[in-house]
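Per-chain residue numbering starts at 1, and chain names A, B, C and D are given in the order in which the chains are listed.
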Amino acid sequence: MKPKVAFYWCASCGGCEEAVVDLDEKILDVANAVDIVFWPVALDFKEHDVEAMPDGSILASFINGAIRNSDQLKMAKLLRAKSQVVVAFGVCAQLGGIPGLANLSDAKGIFAEVFKDGVAPVRLHQNNGHSLSLPEFFDTVVELGRVIDVDYYLPGCPPTPKIIGAALGALLGSDLPPKGTVLAPDQALCEECPRKDTRPEKLLLKEFKRVHQVVADQQTCLLAQGLACLGPGTRAGCEAMCPRGNMPCTGCFGPTSRVRDFGAKALSALASVIDSDDEVEIARVLDALPDPAGLFYRYSLPSSLLGRRRME
Amino acid sequence: MASTYGYFPGCSARGTGVAYEESLLTLFRLLNLSLDELKDWNCCGATSYMSIDEGSAFLLSARNLSRARQAGHRELVTPCSACYLVLRKTQDYAARYPEIAKSVGDSLVAANLPPLDSVTVRHPMEVLYNDVGLERIKSKVVRHWRGGRVACYYGCQLVRPFAEADRPHDPTRMDELLQAVGVPTIDYSLKTKCCGGSLTGTIHEVGVRLNYILLKEAARKGAEAIVTICPLCQYNLDAYQGEIRKHAGEPLDMPVFFFTQILGWALGGDARSLGLGRAISGRRSIEEWFSKHAEEVESYV
Amino acid sequence: MSKANGDIRIGVYVCHCGTNISAVVDVKSLAAYGATLPNVVVSREYKYLCSDPGQDLIRQDIAERKLNRVVVASCSPHLHEQTFRNALATGGLNPFFLQMVNIREQDSWVTEDKQAATRKARDLVRAAARRVAWNESLERDRIPIHPAVMVVGGGIAGIHAALTLANSGKHVYLVEREPTIGGHMAQFDKTFPTLDCAACILTPKMSAVKSHKNITLWTYSEVTQVDGYVGNFKVKVRRWPRYIKEDLCSGCLECLKACVYKEAKFPDDFNVGLAKRKPIYISFPQAVPQVPVIDPETCIQFKSGKCKKTCIDACGERHAISLQMEEKTEEVEVGNIILATGSQPFDARRIPYYGYGVYPNVYTALEVERLVNASGPTGGEVVLRDGRTPKSVAIVHCVGSRDEGTNRWCSRVCCMYSLKLAHLIKEHTGADIFNFYIDIRTPGKGFEEFYQKLLNERVHFVRGRVAEVTDWALDPSEENKLVIRVEDTLAGIVRRIPVDMVVLSTGLEPQADAEQVRRLFNITCASGGFFLERHPKLAPVSTFTDGIFLAGCCQGPKDIPDTVAQAGAAAAEALALIDAGFVETEPNAAYVMEEVCSGCKTCVAMCPFSAIEFLQEERKARINQAKCKGCGTCVAACPSGSIYQHLFEDQQIFEEIEGILTNA
Amino acid sequence: MPESFEPKIVAFFCNWCTYLAADLAGTSRIKYAPNTRVVRVMCSGRVDPQFVLDAFAKGADGVLIGGCHPGDCHYQEGNYKALRRFVLLKRLVKQMGIEEERLRLEWISAAEGERVKTVVNDMVEKVRALGPRVPARRKEVA
């Protein structure tokens, strides 16, 4: 009998689900190879179906998205119990991802922002005997690994078909990689970047430009053109999709295994190449990066050293 | 540039130093600089206050500074060295000692006056030197100096401890100003020594001896007049020459001017508006140097 | 990167340092606390850990308790890290398994509250214990020492250092900015307290320098660039043209006589302006090298091109004079550098109330040195600028010394040279002499005796800082005199003392360009601006830059005996390195994990020593271990965490932080 | 905030200037607040922003970085690299809700023992006034 696999989404955009579909005909191989027992976005299974399964009966659960509410937490724990292997699928599950930027505020702040004076949602609504409830909305978004034990991580926003394929291969194959492995090369993106050789050996920048301000040259290193490309600090594996598309890397593959805080390192590398020793001038150059947290922690705020903004 | 400065006359400008204010106003008018006198100003806090109760001295001068701020002045000109010193001292101490800053601040609030804000305290000598400049003054000279050589006497309070108006040990700006209008000055090594200050009123003979030394040395160095920047100095040096003549038995009768009188004269002010008639000593020289025929405006080309 | 793997066995050692530490930090409880920390198998406190028995304690435990890591909580690593590393090494443990905790300089000595000090010590020990678990076994590299030495400054300090080195067979480059060596000492007449003539003891050493086969003497030159590090410095020296070829000039000085200027009319620096020189001149008769200089600022030929060039005619067949001579730059390699750049006298004009520059009869001590000097502008006659011989002379001590307004330090030499000048002036003129002093400081061999001698010579001493030197006269006795106004703090009265001549005993200051020189050689200045020695007691001639040593007044005011002693010490330090043949480096170089480097090149721009090369083949960065100085800037910059630094690994520092902050 | 709040300040001092200045303060017996815990690095340029954030994450009330004066770096330029990172890091740290006074970069030369006292005391006072820095709270999940 075919091994069982499950897909689930927590706080995510759905892109990771798309990525699975994007496997094209490979999806069929997958379908042939495995038995999909749970995939809310595509197939009609219910929570209780999963509850009904014996523990460890699922070979692998692919969970994407971060944990932002009590329902996601519950499902994550449930799938953990039922699965032999849990794969954090995509950067939201791995590091917190875009939803993690909500950690610059908290539940109160977000609701105030989103609903303003409108009708704010209530946890429990009762109406002649019927009741509707919403999951608890946490103050802080966390990555999957912080609430359940995760076996493997698939980086990316979303993971590319290539690394997904490789991951499936690995899981179905005989020798599993060591627990905790991030299933992508442990090297920075420059290694895969077609523009690598065009970066000058001693690059120093007098100013940073933002993507909407310039039409970047197609060949030369984007950082050398003043664009805040985070490739040097970002794990390889995507084959430099964005640079190939003439856009700077924004870091969705997260850091290498040797870096504890993606943002801090990216910040250090970027600031270090400013071509000025004068505090005022340096400040002026940096004004071109108006939102450091948004730039450096775009995908990794919850898993960063500080984790979230400290609210008064 | 017709600049306006806040103006704090200080008490002596309305007493022994009337001639100082008269000549100052005349001179500034001639240079079209306007002085806007503080409304309802009060004692600067000098002398008795400062030596008996520093606290209230600071409050008094803080009030003046605060009034200046209220009137929208960033710069406050005061001709009196004592006023200048106390106002600066208040700012300085408030900046250095939080407790003083607090007591001053609180009292100002109580009197609902604006807080002690950055007002620059200026002295006319240094305003003329820095803001107007020697060249511009030179260019406005309309009279030849017919008097003798003069000794520029700076006294103590203007240049010490705050060295903003001039160099503390060998100030020269008054000399430079007078030379600019063609007045010969002597090398006067006593230019910052004590004039006797308030001692002339308290331990009289000591005070008088001190300004006797100043006068004698000026004469010895060939000066025929002394020029001052401080009302108290001017008064001390001017008022006791008769007494000195009696005791020291020396033929001493030397005019003692305010620098503003000499400058004002060179720039065309008339004797009365410069308060030249108010002098006690050296009237003969004054008659001669500032006589009618000398007053006729000569043209420089 | 190291792993805290295997069985970590840490020994913690807390030093009392007599009572320096134990009087403030509770060493007993600290040691007891150390014992409770993870991986710690033994924790002790001891009176003096740096002593032999103290070190034995550590060696013993390494042997008996099988320690493989050691934490020493004592003084600053700058003082004793080496000591304890040796203790580990001789105990059979790799020296870099040591972690020091600075609980003296940075705790017991700066903290009043004993509990707080002990808490601080606990945090630091906890941090060290965590860190040391990750320390690795490292080997030192050896850098060969180039045997040549450069001595900068040709005063008595530089001369003595150069001769000492040269005599031991080492090659020395002696660089002097002036046209001659000799420095200030050459300007002096007699030297205290023995009163032997400065020239008589200096000039032989000067000519010894000139004739020494191991000394390359570059006068009228200055160092413009210093690269490299201990063992192999590369130094560039700019040599100004003196327009007279040293190799051809015989020093006959005919050219001086022949100069179209019959009268000398330009201020003569060597005589501090008291005499005049011609555009072509020699600083003083015994100058070394014995070669004149042409000053293009004043020479007619250079100014107008219309000179008869009589000097060239006078030189005749020698053709030593070459007006086409141009500035040139020499570049040499040396293993060590000795800085003997000296000091400058305080500018008396900065104290206006002493009237220097205002009253012609106020002199500085250096001017008077020239006046009393037989080869000086007046042939040794002490006469005033108007030619009169002074009948009364005031010597004002501490001008620009021990003074909040100018320099706070005591210049150490002024008391003695003032006494010397008092003696000499009295000898020359028989004048009444008044010394005005704060304290008389005569802490040297024969100094106090000299002072007593002066007292018997009826020289007057008035204790009190002079208020002012002035020309205003109260009565006829003061007419045409300079009046000293001073509070006589012994008599308790204010005195006015009229004199004919005033001598200002100016103190010593750092050279005007000490700041640039310090940067050039990458060393530090102390607060006063004099060069900072590595340790005031234990390394008085070393600097924080290995291979650069200090001698003489550039390190602080001192007299000739001390200067010469220090110069000898500096030479000895250099010799020690040269004869050892190599220095061992601190193994703290950074290195790239090439298999994971992505070749982003961020690091390449970080290194000011171009130690990081980008390998075109592999398309990765590599750090030249010999060139790396171990600052770690590239490590902090590497965005993929692929650069590491021995002794300062990320892991080790994270452990330290963790240790500091995990509350006990 | 408790009456007896004693801020804990993690200080990264460069080996050649600020660390020596701290030693000099000691040999000169200059007394100052006992709240700093010095981590010695060879150069302020070695201070990885990760160290600073890690210190804050682990509960430091303040972080002080000490380097050589501009132009005086023992390694020529390390302190400038530190400055470049510091300016940006300060902005990030502010966005993360940490008061500016808690992160400080100071140039202190080996001769400025007195300055170590001034800087440390001043920083300790400012941080004490801010109160303890509760490390960013993570919502208790699971």
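Rule of thumb we're sticking to: a contact is a pair of C-beta atoms (placed from the backbone, for glycine too) under 8 Å apart; a residue touches a chain by one contact, two chains touch by 3 or more.
Remember, it's a predicted structure, so these values are computed and weren't measured experimentally.
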- Among the chains, which one keeps its Cα centre farthest from the Cα centre of chain C? A
- What are the two chains with the top count of C-beta contact pairs? C-D
- Item | Chain whose Cα mean lies nearest the overall Cα mean | D
- Task: Could you put a whole-Å number on the gap between the CA centroids of chain A and chain C?
- Result: 58
- Note on the structure: Between the Cα centroids of chain C and chain D the separation in whole angstrom comes to 31
- Centroid distance [mean C-alpha coordinates] between chain B and chain A, Å: 76
- Among the residues of chain D, pick out those that touch two or more other chains and give their numbers. 48-50, 54, 77, 81, 85
- Item | Junction residues of chain A - those touching two or more other chains | 259-260, 265, 268, 272
- In chain B, what residues contact two or more other chains? none
- Message: Touching pairs of chains, all of them, please.
- Response: A-C, A-D, B-C, C-D
- Query: Given the complex with chain C, which residues does chain A contribute to the contact?
  - Reply: 186-191, 196-197, 199-204, 230-233, 236, 255-256, 258-260, 265-266, 268-269, 272-273
- Message: Which stretch or stretches of chain C touch chain D in the complex?
- Response: 76-78, 102, 104-107, 109-113, 116-117, 119-120, 123-124, 127, 519, 522, 524-527, 532, 536, 544-545, 588, 606, 608-609, 629-633, 635-637, 645, 648, 650, 653-654, 656-658, 660-662
- Residues of chain C that touch chain A when the two form their complex: 593, 596-602, 604-606, 614, 619, 633, 636-642, 654
- Would you mind writing out the residues of chain A in touch with chain D in their complex? 67, 73, 77, 104, 138-140, 142, 146-148, 259-261, 263-265, 267-268, 270-272, 274, 276-277, 279, 282-283, 286, 289, 291-293, 296, 304-312
- Item | chain B - residues contacting chain C, complex | 167, 169-170, 187, 189-190, 213, 217, 220
